[in-house]
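Both complexes shown next keep chain A, but they swap its partner, so chain B is in the first and chain C is in the second.
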Partner chain A sequence: MSTAIGSKNVKSDNKLVTASLILGGVVIAAMMIFGILMLFAQGGVINVSDAAFYQFLTIHGTGMIGAAALAAAGVMWYFLGKYVELSKKVFIWFLALVLVGVVLVVIGVFSFEYASAWTFLYPLPAISANAWGVTGALLYLFGMLILGTGFLLLYIDTGRAIIKNYGSLGKGLGWDVLSGKKRVEDAPPKAVVASTMVTIVNVTALIAGAAVLIMNIINVINPSFTFDPMLAKNLTYAFGHIFANAIIYMAVIVVYELLPKYAKRPWAVTKLFLVAWTMSTVFTLLIYTHHMLMDFSMPKWMLIMGQALSYANGIPVLVVTAYGALMVVHKSGIKWDMASGLAFMSMLGWTIGAIPAIVDATIVVNHVMHNTKWVPGHFHMYMGLGAVVMLFSFMYYLAKIDSNVQETKLDKFAFWCYTIAMMAISIQFLVSGALSTPRRWAIHYPGWMTPAVFGAIAGVFLVIATTIFIIHFLRYVKNRGTLGSDLHEEKAA
Partner chain B sequence: MKRSFIIGSLIFLILIIPPIRIYMESMMIIHMLVQLPLLIVVGWCIGEYIENKYPKLFELINGNGVSGIIIFVAITMFWMLPRTLDEALTFPIYEIFKFISLPLAGFLLKDSWRKIKAFGRIFIYLNYLSMFGLMGWLYLDSPIQICNNYLLEQQKTLGWGFIFITALMVLYVLQSVFTDQSEEE
Partner chain C sequence: MVQTAAWVTSLVFMSLILIVFAVVAWKSREKSDYEPIKTKWNKARKVYATTLVTILLVACIYTLRELPYDLPIYGESQDPTLVDVEAVQFGWIMSETEFKVGEPIEFDVTSTDVTHGFGIYDEDMTIIAQTQAMPEYTNTVYITFTKPGTYKILCMEYCGLAHHYMVSEITVTE
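Entry: the complex of A and B
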């Protein structure tokens, strides 16, 4: 069951995956520029109108999450496709719908000045104090709906394929192994376990998202239709938090697949690994409530659950994966290159990036810190130094196995430049949070400005490093199919 | 085949009997969640017979099932709007349209369901799952009376009806994805 299926047409599969990675990578780099502009504006270096700042904030958040999810979905599709039969047609539809969604969102934000931030929290889309109109809100909301539909199609296909191959999603998570019906040696591969988890949580998130988006659309068209704002917030975060969280669970597959190959050591699936992923499936679905810790009208038990499960969620997969990665690499004589280096670095980013989130998930801390820049400090480290680094790692991996494009000293420079810059950006956010600097504010008091300027300068280096990564990947795309490394078992077969 | 045609026709005849029709339409939840689905069932039953009689015609107009399912979705969405439900009670032309369009929707659903394959079926199912959840929320949460013909209380009852169906649909999804499907094959 766990053996890889012969890849039918590796080249054409790679083409689709590279399309998602190029689009994702370029959008991520472009969004970094908006991030820099916002930080310079907050630091008082440049003048950006308030309206433009919030448009930047909206596009930065939406673009980063959307682009990272798109590229991570490409990574997941690539590796899952080795074990189950996925539909290329569906992936093309997925790419097309995401593209249409992105275009609508961009038009909504920049042509119609829509600026509710990517959380589009009800009733903000309809009540903008004339900052934007109905058209902008509808373009954004429909754009998100179409984008979500694209992702839903993809996950329906992954779910279908996993069920077809393994019998059920439970078996995809290895429950039959845990219940003793199957030997642990016959457990599904790590890529399948992770993909099953992501399929479950993201289908749930997208259904919740579709409901709340349509509800917002109804409210924008006819404001006399009102809804319970608390339920709307729950659904919004059940969508947004889970969807954003799942990015790293898709991207981490590259670490699982890549490190054992480089270290020439097996990274076997164990019962502990399966338990950890099942626990993470449940926790990821439930911990969005840590976004509600300041909402006094929420049931108390949900808030306690938000805190307790947020603590717990850090442990299973993260510890199993980070510890597993260390064990695979330790004294293995691994040959470090860009792909393996980035994969390993992402473990660091994921581990340390989760800590500020766990701190913020503590109710008493949350009341003070949640609306400060402490939270962007968490997710910039977690995503920027964790998930996105995994995506870059995959880009280098693909270039290595499918082309003769060589890594240069410039790439190594980019590696360290990216790591230090991303660390600097995250730390300036955390420091700002510690200084009680509010987040999502266009204007800062002088006392808050220094970290923002520092972050913006670091951001410039980040863009330079990211551009080098993307250029390397584009060089691969140009030379695709030329002789690559023997790490690629399908090509060798 | 003929049996399903007779059953479908019989249900249709029962549904158009004035006292039954008026009784069903007097309660919002029965109007929306009993009468409307039954009209779709009528189309499904009759469809089986007609489909067998004119297979080539259906191959021509609904070859892969996509056009049929899109029309089905459009018709059902139209009838899920509170306003259309209201209009059906106010304007006879809407009422007639309801008794024609919904059997047609059922008829197209029957023809399209097997053609759109598992992937399409899951997509449509999940689409309706979120739509029913949303409709439940809309009817439950709306502080205003949405239909002229139904009171706020009736609206809320319908809302709970939708939530109940959504819950059943979620349970069905859970049992389908977490029970072993390979043993059935």
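Entry: the complex of A and C
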């Protein structure tokens, strides 16, 4: 069933996908500015009030993950739609609900001074030491709930479409191939396997998130309703970890689709590939406990599992996806342009970001690294230099195949500017973590300031590069439907 | 120091990956048939995967030998000093704040309002131990200070607008 079925109305579908990418891209750029302001404030360069700093922190974390997930969902929808029949109505509902959610979150944070960080760790939304009130908390929590509902609708639809076409989610992951019931040549395409994985993990994550959000909402309205803070924390990290991780698993479809086309080499689905994606499905669901390694009251086996499976979670990307990408590119005479260059760079970002992540998942290391800036160090690397770069790669790809907008030297400048700046930002976070600098601190002691200032300056270059990427994409949107390249979109890899 | 070991390990493996990607990008300008490349590098993948899994397995088992959750084995005449630590927005209430070098201590950490993080920093502002301070739960940090000095307690979990002012001190003498 790996035949590309395409969509009845590619142009209209592309409009929806570009809407998600524009919204996602612009919000990501805006969130970068809050990141820069926080780093300058920590570096002692500018004065930001404590209230404003933690509002920036809340909006930066929530906005970055939300925006990247939105754009990545657009990418997944675009490629998955070539193999299964997806509902356009559901995608429109998804976009609308996300937009409503974002508006509520922004009003809650900036008009009602809500600042719980994205983690909204129970019972902080209700116990703010008078920093924010019930209205702010409810706007944020309901905003998140509506946003999550939008995503849940989308994944219910992707799940429905996959089951309709392939029989079950297990078959979407290629389990019938692994069990020998089907030939590997008939395995589902890479986009379907990845989308099945994301559907499974994100439906789980969103249900966990909705549960803890609703409990927090009731607690904010009626503080006499209480619940177990450890259960709340488990649900919060099960939601946050899985949802954030799934961004890269949605966006990586770009790499699977683009690199073989550009290198003119096949990147076939193998049994090893299917095993790797099943491993990723299981590990992604289970390893959120590595966020709770400093919760000594948790069952010890869960924390040991958190470490062991976090180590194991590096194997699929290091042995299968990154290695496969390198094989496809090696001595291929590949045609490098912005899309292929960014796709390749994103694999580097993901892979090197996995290293400090694995290190931090080691319990004895986490004992002195947890909630230091080491943590944003590793996730800025695999999100900022991995997942988000995949999104930009897709933007350039779409512009190439669906318009006559040419890439310029400015785009090439932006490529290197973005790469170096994002690398610098990630490294300064890691250095800060190694220096024991706590994360989520509005002020820094003098010994912690220098890396923050360095990161803020790098952030300015990052925003410049991102703006160039987005301007190129907006030029495409204006010229959509004009001359495309020979890498026609319907030729799925 | 754990931080240095973490930093050096990360830097070594990250540099290795960077070099591999750079070499592949450089070599991508050449054009060869894919079949021989696939055969060669699929074979190499087996060695690479085996090595990687072995390294991860050994590192995982090695680092799991001693965990901060485990009660240390005390000497016969060594009774640990039990310290009650209560976190509140935005301060630390501790039953004791003065200790001796070599004295085994158990910090029993909890919170009366929201979740906080109990982080112990030495005089160089390097974190040496931490745990979460949670309402309804008590987490115990086992520590024996080896150097005298003034140690700081910092909040390591975001707990509200004065989170970064939630700092306290303990003294360790010879």
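Assume the second predicted complex is superposed on the first by the 486 of 493 C-alpha atoms of A that agree within 3 Å, B and C clash if a C-alpha of one lies under 4 Å from a C-alpha of the other, contacts with A are read in each partner's own complex, and residues count from 1 in each chain.
Note that a contact is a pair of C-beta atoms (placed from the backbone, for glycine too) under 8 Å apart; a residue touches a chain by one contact, two chains touch by 3 or more.
None of the values given here were measured: they were computed from a predicted structure.
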Put the two structures on top of each other at chain A: do chain B and chain C fit, or clash? fit
Return first, second, both or neither, reflecting whether A:D228 touches chain B, chain C, both chains, or no partner chain. both
Can A:G159 be said to touch chain B (first), chain C (second), both, or neither? first
First, second, both or neither for A:V103, with chain B first and chain C second: neither
Where does A:I46 make contact in the superposed view: on chain B (first), on chain C (second), on both, or on neither? neither
Going by the contact rule set out at the top, does A:I471 touch chain B (first), chain C (second), both, or neither? neither
Between chain B (first) and chain C (second), which, if any, makes contact with A:I218: first, second, both or neither? first
Greater residue coverage of chain A in the superposed arrangement, chain B or chain C: C
With both complexes superposed on chain A, which partner does A:W374 reach: first (chain B), second (chain C), both or neither? second
In the overlay of the two complexes, what angle sits at the CA centre of chain A between those of chain B and chain C, given in steps of 10 degrees? 100
So in the superposed three-chain picture, is A:I92 touching just chain B, just chain C, both, or none of them (first/second/both/neither)? neither
Closest pair of CA atoms, one in chain B and one in chain C, after superposing: how far apart in Å? 12
So chain A touches chain B in one structure and chain C in the other; where do those two contact lists coincide? 228
Sites on chain B touched by chain A in the complex: 118-119, 122-123, 126, 129-131, 133-134, 137-138, 141-144, 177-183
Sort out for me which residues of chain A touch chain C in the complex. 50-51, 54, 57, 115-117, 119, 121, 123-124, 127-129, 131, 228-230, 233, 263, 265-266, 292, 294-297, 300, 303-304, 307-308, 311-312, 314-315, 318-319, 323, 326-327, 329-334, 336, 344, 347-348, 351-352, 355-356, 358-360, 362-365, 367-372, 374, 430-431, 433-436, 438, 440-443, 445, 447-448
Chain A partner contacts - residues on chain C that touch it in the complex: 2-7, 9-10, 13-14, 17-18, 20-21, 24-25, 27-32, 34, 37-38, 41-42, 45, 48-49, 52-53, 56, 59-60, 63-64, 66-69, 89-90, 113-115, 117, 119, 121, 125-132, 134-140, 154-164
Which positions of chain A touch chain B when the two form their complex? 87, 90, 152-153, 156-157, 159-160, 163-164, 166-171, 200, 203, 207-208, 210-211, 214-215, 218, 224-228, 231
